[in-house]
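Note that the chains take the letters A, B, C and D in the order they are written out, and that residue 1 is the start of every chain.
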Amino acid sequence: MADAKIGAYICKGCGLGERLETKQLVTIATREGKAGVAKEHDFLCSAAGVEMIQNDINNEGVNRVVIAACSRRAKTEAFAFDGEITLSRVNLREGVIWVRPDTDEARETTEEMAADYVRMGCAEAKYMTPPASAQEKGSNNHLLVVGGGMSGMTAAIEAAKAGYPVTIVEKTGALGGAAANFYKRIPDRSPYAEPMDTGIDAMIKTIEADAKISVKLNSTITKTSGAPGSFSADITTESGATSTENFGAIIMASGFKSYDMNLLPELGGGKSPDVVDQMGLEKLAKAANGGAIKRPSDGREIKKVIFVQCAGQRSEKEGHLSYCSGHCCSTSIKQAMYFKDQNPDIETDILFTDLRTPGAPGEDFYRSGQEKGITFRKGVVSDVSPAGGSLKVKFKDLILNEEISDEADLVVLATGQVANAGVDIEAVKQDEPGEWKVNADSILNMNYRQGKDLPHLKHGFNDSHFICFPYETRRTGIYTCGPVRRPMDIQQAIEDATGAALKAIQAMENAQLGRAAHPRSGDLSYPSFRKEGCTQCKRCTVECPFGAIDEDERRYPVFNESRCRRCGTCMGACPVRVISFENYSVETVGQQLKAVDMPDEFSEKPRILVLACENDAYPALDMAAQQGMQYSAFTRVIPVRCLGSVNTIWITDALNSGYDGAILMGCQKGDNYQCHFVKGSELAHMRMSKIDDTLKTLNLEQERVATYEVAITDIKRAPQLIEDMAATIEKIGMSPFKF
Amino acid sequence: MSEVIATNQTILVVGGGISGLTAALEAAECGKQVILVEKNPSVGGRVSQLYKYFPKLCMPSCGLEINLRRLKANKNLRLLTMTEVTHVEGDTGNYTVTLKTTPRYVNENCTACGECAKVVETEFASEYNYGLGKRKGAYLNHPMAHPQRYILDARIIGTPDADKAKAACKYDAIELDMQPAETQLTVGAIIWATGWKPYDAAKIQPYGYDRYPNVITSVEFERMADPFGPTGGKLLRPGDGKEAKNVAFIQCAGSRDVNHLAHCSRICCMATLKQTTYLREKYADDFKSTVYYIDIRAIDRIDDFYQRVQADTNITFTKSKVANITQDKDGNPVLHGVDTEGYHRYSNPHDLCVLAVGMEPSVPKDGFPMSIKLNPEGFVEQDPANGGFFAAGCSSDALDVNRAVQSATASALRAIQVVNKVAGMEG
Amino acid sequence: MAKKSYSFYPGCSSQKAASSSNYQVSVDAMCDVLDIELNEIPDWNCCSASIGYAGGGELPRLALSARNMALSEQAHPGQDIVATCAACWLSTKETQERLHSDKDLLAETNTALAEAGLKLKNDKNVRHMVEVLIEDLGYDELGKHVKKPLEGMKIAGYVGCQTNRPFGIAGESFENPMYLDKLINTMGAEACETYEKKVSCCGGALAFSEPEKSQALIKDIIESAYDNGADMIVTPCPVCQMNTEVYQDQINAKYGTKFKMPVVYYSTLMSVAYGKNGKEAGLNGHIIPAKQLEAIAGK
Amino acid sequence: MSNYNNEMVEKFRGNFLKEVEANVEEGDWVKMCMQCGVCSGSCPLGPHWEHPPQEIFMLIRANKREEVLNSSSMWMCTSCYNCIARCPRGLPITHIMHGLATYAKRLGLAPKQQATAKFAQLFWDNLVKTGRVNELKLGLSLYFMNGIGEGIKTSLKMKDIGLGMLKTKRMSPMEMLGGHGCKDAKGLHAILKKAKEIEEAKIGIHGA
């Protein structure tokens, strides 16, 4: 690859020309920044400005572009150049002139600020190389779907429709899953009035007829390894025969189990064959197939059915489910219709506390149930017990405010869905490398360092933690869908599975190009590591939020680039600093903070280093500038991919080279974390708690280093935190470590 | 507007809210050519007007930042703002779409330096703040508005303000003679993500939204809670600017009502639960709140959040559809009705009454550019009859953000199936 | 404007020497000015109002109104049926709609009507006089005829229930209808825009059977008119008029209030504004005299 | 008529909702209530309802037959139509209340001495006689409906109003003798008789 040649371009637009000595900045870029080309321009983001730069790239061999203008968040499209280059954005607008007053007193320090940022930009450029994208790119585009129920079948059919080959692995002897036992399903078409065919048979036919879809029944996954584009899975049949196949991505649609109603004896669970759960009733209805549903106990005809909603759900009682399964209200309405449609004289009472039939389909279906004469009562059931050939149901009617004792021939308990999510990797100890064993309870049996199944989120479900990103998986290339993710009905499962299929396809397409999945979508950089130097401390393998790094028998990390999301947590974790990305490394940041011109101890010009998360804190500071807020001219901000990527060496270096304070700004941590790299902020706080020792040895005050959780909306607070640090430094004085 | 290139392998996404953004990004990140049209000056849609999300209480702008980064970085995706689809012809895999772009009067040169806004004097009610508070005639809706480019309100064109703005711009970014433009494109599939609008609260006459200043809508309350909203994050009664510390929330304001919206809007219960937490956030323990509801629909794992709010002793839940509202001499809305759990009558004065207004499809039944199968509520049905036209998000049903994004992701695949077939890529 | 003709259903209370005979007088005066011809349905019968239910039941009740409509169809083909009494309008319009939506019910009704040799096609609109004024003439037209603007008069427009719900006047809301206020303003008087008892119930027929309960409601209606600075109340409904006017003394006795609030009909108001004298405007039919109107009418 | 009651109890044993759907005006709608309570809150005489409408609908579905039919609640309906205007499910509540009241009366279960029940009957009888209401007779019969003694008291209480009405010519003693009426009262009676027969046959009242 061609030698590095820095081209530094200083913009004079947006008042930069008036506020700053741009000539001076050009000189700094050339002399100190060693820029091969350094130019100023009145209006850099204009067609002319951009063309000027592109020409230098094409004709002058510039391959390290430094744009000293506005924030990296502005004019991004304008500064998207062609060619193998790196791009450094020096934030003179939002980062300097907009946060400083336009006064003569302020002029000097503002100029210094700008000058430092130009130095920093050039320093970064010097140590970056254009990302070449991962060497080993998986090119397999064959989708593995684990689970042959409604969700799995949908994912398979939809992916195949888009042209991708699919293999379904189903542990039972037939496709269809739970829904195969349903008599009918909740309608998904207006007028949303009548239960409709489940469509299972049609789907199975479609799958059998589709050359792109192969099905392996009575089979489970006994080992999963590899990465997006190059997964490998051992598929083992009941008989124990195992075949190993390669896949590009994986969809886990392992569904749910119904909550065991025997755990609800107070509601008659297990006390009488005439008390069934919703799945039980589906079986009865399927058997009756439109005819009269008979009592399980004695085959007598049924005159009255009572449906008990929220059975063992939405309850804090020991062993109950604290959540709501979402579909049960509509399901009970559907099931009451089984009776009403067959014989309107059968009484069907639904006892609920909140009737949850959302959306247009839900409310229409509720009304349809009422029209068919289903009785809805807001009530809490306290006891169901067999009594004289029928069932006695005790409940409090909350509308009539009255204890009621009613009789029924059949009671249906709306119990919840329990995710079939494999082993909880937080709970079970992981096998040591080399001693890896199959776990019968595991769905995927991944050989990942961090465990055999996907991390559970809440209540044992494999959902995404993020509201805006329901498919933000923590195991790149592996997506869950259907009730294993969140309790849901068929309609939602179909929608969910279709979405998951897209993400899986996207993961395969990304892998082929060595591209990262979001949040750093399209990032071609990848972590490389110098094996010599590695001390096998395992921090990177343990701390990687996405389980991207395995260990070989000798405890050396094994990177799986396609699993990597480029957050740099491994880089932050590494005590011997052998992990780096082409365009983001211990050097690219370390050299920036060293490039700063450090005034001496008596100058009364302290320096404050701010390492800000590029997704929340940095935009917050940008927007503060837009709003005309100001902060100390002694601040030098460096955006980082994630606070998890902050290597403590940066702080130590900063302190050693005379910085008077350092602030780390990351996202919210804890259970309700907002860090899109899961633990970045968490880890940073942990690591920084250890920096105190360093401070002691240098005998510096602890207040000089602060770590904060900063949300993107902390537009007022972020600058304030900087001001606070400035004030602290005033109080405790300058660092003695200036050279 | 520079030349837009599209073929019948291009996917058109209509609507730049979170659903449209998601659908467009997911498709583009699968390597597809995507054109995203948004009728407003910037993308982000309704979620950009939210202070927080339920149940995590995290900031929507956090996810928006990520999506904007994805958008700026993706060369497969072309964004057209201030553009609407006026007509669609053709069929699956080969649609001819007519786009109408209304003038922004500001071109790509704009650096968002803000000089034009400084000189323009005329102010207008802020759409972004649902009419609470004003904005200049040259403006950026909010700090994260994308494209980060100002817009001149058409109403100042031809006034001295417009000339002042032009004079203030150093970059020839302002073109006062910009004209509406019509473009025709060929696309293979259409993702319809035009979302929802709040139901017109004035139509719910018994609640007097049009008569009592201290009866407001949930979307207005949301803007008030935002530190960068019209009240700087203070919960003030429009009537007299007094801080609202005893706040009533009326559920199903327009929803589940055959006189208004027959459907359940799904999100309102959760939105209200979320908004009660704003009261605690602002006032610690010094507040009271009553939620008047028919059923609290905190579906699936979100029910935890409901349980958490229920545990707050300052918040009361009353199972009752409020009959009507009157106003006492202090300007307090007085809510009249019957608590149906055991029959208790009430006439409760509150500082402020928030109507949890329902979700109405943005596009009226007769407003579609081609004939589309809708359900009676006006949402697009998933029906083969709609061919290569797929609804995403709230144009398909009243959905929360999470489900809207799922729906958008699914619709992206459906569209990809169409263009892949066109490209003969199967097998 | 050309003469407008309607098939008119006056109703029991409008008859000579009946409780709202003065309403009829003012309506005649008003229609005379507006060139509206009201052709009385020959031999019409009582509609049984809404209180008749417990005596008559459903079908007999429907039959009553059906008979009137059938007679109207015979005598005034092509003419809308117009009523001035809220109860008459409501019962008739309800019957018209019920029989429209329920064919069996229509058949049964006709079986009953056949006993008197009648048959109902049920093809007529049933309208309230106010609808005629607003929809067929419009405020502008109504304003044109004002000879004596009712200046300086503050009037509470009391719409009440049955002229307003469940049908009401097109384009008006149930909770805050504006048409009465607009009429008042059109006549040159000032409407109490903030009169919040506008659509509250006066107890209707229960003023007879449940006097205490009803008078409690009536008290609030009048009180609020005073609170809003009204000189008088105007209403489109005979029952409202009767209830709010005649019980004021009893209410004063019970609650120690000093009510003496005149309650007139919109038609009274209009007749006076149109220059009719007190007698023509039916002002002499008020127990609590509307002195300001009398003064103007006297001029 | 209480044998009618027994027959109905027999016929609909244990299913009051079905009974209401079969025999009560607009009774089909009862099942559509979703217990929001807007009707109860909208009723002008609400505070005087022992069971407000929405609760009555629940009682019906809960088979509380006597509790509903013996109740004075439905008789509190002033026919203001607020409930109908506001009901989110579009129930014709006013008519259902009228229907329930009428039905209770037919079954002989309506509260004894229920003023509105009596007045409604007086009103009906009054109007049926000549085809038009005779307000004077109606008024007097109303005052005396609870016996002479009561009647004198009430009349005295009402005399001022009476005088006022006389003075303003909104009432006339002449009404005592004949007064207004339809010419074809005979035809009207025939119509009403037929209508009654048809209706009662439908709901199983025979020999009435």
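The working rule: contacts are C-beta pairs under 8 Å (C-beta built on N, C-alpha and C of every residue); 3 or more make two chains touch, one makes a residue touch a chain.
All values reported here derive from a predicted model rather than from experimental measurement.
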TODO: Count the C-beta pairs in contact for C-D and for A-D, then report the pair with the higher count.
DONE: C-D
Open item on the list: With centres defined from CA atoms, tell me which chain sits nearest the overall protein centre.
Closed with: B
Open item on the list: Rounded to a whole Å, what is the gap between the Cα centroids of chain A and chain B?
Closed with: 24
TODO: Express in whole angstrom the distance between the two chain centres, defined as the mean CA positions of chain A and chain C.
DONE: 67
Open item on the list: Quick check: how many Å separate the C-alpha centres of chain A and chain D?
Closed with: 65
Task: Residue list for chain D, restricted to those that touch at least two other chains - done: 34-35, 54-55, 82, 86, 89
Open item on the list: Two or more other chains touching the same residue: where does that happen in chain A?
Closed with: 355, 378, 399-400
Open item on the list: Give the residues of chain B touching no fewer than two other chains, as numbers and ranges.
Closed with: 206, 256, 319, 324, 340, 343
Open item on the list: Building nodes from the protein chains and edges from chain pairs that touch, which of line, ring, star, complete or other describes the result?
Closed with: other
Task: Touching residues (chain side chain A, partner chain B) in the complex - done: 13-15, 43, 45-46, 70, 73-78, 80, 158-159, 161-163, 188-192, 212, 314, 316, 322-326, 354-364, 378, 398-401, 458-459, 461, 463, 466-471, 486-488, 492, 495-496, 498-499, 501-503, 505-506, 509-510, 517-519, 521-522, 615-616, 619, 623, 626-627, 667-668, 672, 674, 676, 711-713, 715-716
TODO: Report the residues of chain C in contact with chain B in the complex, numbered from low to high.
DONE: 173-176, 196
Task: In the complex with chain A, residue positions of chain B that touch it - done: 18, 22, 25-26, 29-31, 47, 53, 56-67, 69-70, 72-75, 108-109, 111-114, 143-144, 148, 170-171, 227-228, 256, 262-264, 266, 295-304, 307, 319, 340-343, 375-377, 379, 381-383, 397-399, 401-403, 405-407, 409-410, 412-414, 416-417, 420, 425-427
Task: Complex contact set, residues of chain D against chain A - done: 15, 17, 31-32, 34-35, 54-55, 58-59, 61-62, 64, 89
Open item on the list: Give the list of chain D residues in touch with chain B in this complex.
Closed with: 34-38, 40-42, 46-47, 51-52, 54-55, 82, 86, 88-90
